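The structure under discussion is supplied below as structure tokens; questions concerning it will follow.
Note that the chains take the letters A, B, C and D in the order they are written out, and that residue 1 is the start of every chain.
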């Protein structure tokens, strides 16, 4: 089942989120990084991130999303920032179900537009995303650091 | 000079923004689309979009940006959604100056991360973006409509 | 073992090559297409294509390559046009071994440059190609048909 | 007018081809590189490269192409390897005319398929290529060097 993140999920959530951060090469996030993210996800503060987990006895996956303004759409948009499934649960529909849950949450909020960004060479992810989403021609530029 | 959008800019701003929307193929936005965007840009409402214009006697360009939460960064990020320069003002540094103004505004807000999305085949734009920004490997997926 | 294609491979080769053509959406190639390709592959004609197969009792994979002129390199280049592994043999190193065999054949011919093209969304292929090759920034344009 | 490269073009051709090589970062090609390429282009040897130039009193542009085998097409394909227009002649249709001349030469040879590769960020080139060609989803991988 998919349910909102709960304070009791602290340890199991971090194990998953470390896997996700590691996928993007961030293997050495300090503990405060995880403390702060978790606190925000369960704060219930308006305008901040929401977290959902796939709970099958243990946590098999997570998804984090936020609503933010968009000038082209009064109702704003939903940004799905983080999605991760434990290695052991790959290929079982966990990721697909988590994305669908964000779609449902966005509909419930009256914000039909949902988007996410992924690395061009995230092949395993894109195999899923091509089925549940549509690749756009848009690419991201960043201010140089 | 670059300055914040002002209520008196209504007509000149719309001429530019229609050019921008047309660039992305949206030639038939209803008047309410422009009314609503302009109202939001000058509302000064916390959390909503900001607009800057390049004013050289007439308006030569515009940029719209917003700050929104990001789970990886407590201070959030700055999303530069719209950038446009009038045809007559191309190649004169207007776009570059407008991007720099957003960098400055983001610094002033304590939000150093600025990003934008652009179509992969927006060649003229990317000639500029490669000089003032860094292409990331991230591509955008959308929920199917 | 990897060995050159042999006239006795006719039927087993076609089963593989139909799988490859089908991957790119060509499900209805006429029989003459396969007849002609096979004839060329075993013709031994100078300048035409070579075929190698991975033979483990049955054929598990194939690779087709050709040497062609390149103005930047007097010795020319080696174009690996077709690579395919049977579904049953995926993940066992067959594709990797076939690519390596082309590298070896190219070295033996004094043509160190080997290249191939692949669809941007051939994720399974690219998982392998990123390990045994280097993605270039070059994309292909075609004359309109 | 567009005409085949001629031995008398030696110096003017090299000026153009150095511009092209420089565009791709090869500023220090030895003289032998140019000697050898020119010799091949005017050799008339079967199977090797052809060169065309845009001659308006002086040389404004060049194109080099070759026919090579393709296993999917008995008649082979035409590879347009090099295209360059002098800075002074940009935006005047020289590149477009040179590509069209290759299309015509390919038709005359019974080889309708013409293709070329270009760097993803060759924006000026792609502005032209999107008008006279079709971007394919194919990307190039190279054997590591």
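Here, a contact is a pair of C-beta atoms (placed from the backbone, for glycine too) under 8 Å apart; a residue touches a chain by one contact, two chains touch by 3 or more.
For reference, the UniProt names are A, B, C, D = GNAT family N-acetyltransferase.
Treat the numbers as computed from the prediction; the structure is a model and nothing was measured.
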Among all the other chains, which ones are in touch with both chain C and chain D? none
Top of the farthest list for chain A, CA-centroid basis, is D
The distance between the C-alpha centres of chain B and chain D, rounded to whole Å, is 39
Quick one: chain B and chain C, Cα centre-to-centre, how many Å? 47
Which integer distance in Å separates the CA centroid of chain A from that of chain B? 26
Which chain D residues reach two or more other chains? 121, 135
Using the definition of touching given at the top, classify the network of chains in this structure as line, ring, star, complete or other. ring
Every touching chain pair, please? A-B, A-C, B-D, C-D
If we count contacts the way the header does, which residues on chain D are in touch with chain C in the complex? 33, 36-37, 40-41, 47-49, 64, 66, 68-72, 74, 79, 81-82, 103, 106, 112-121, 129, 132-145
What residues of chain C sit close enough to touch chain A in their complex? 121, 123-124, 126-127, 130, 135
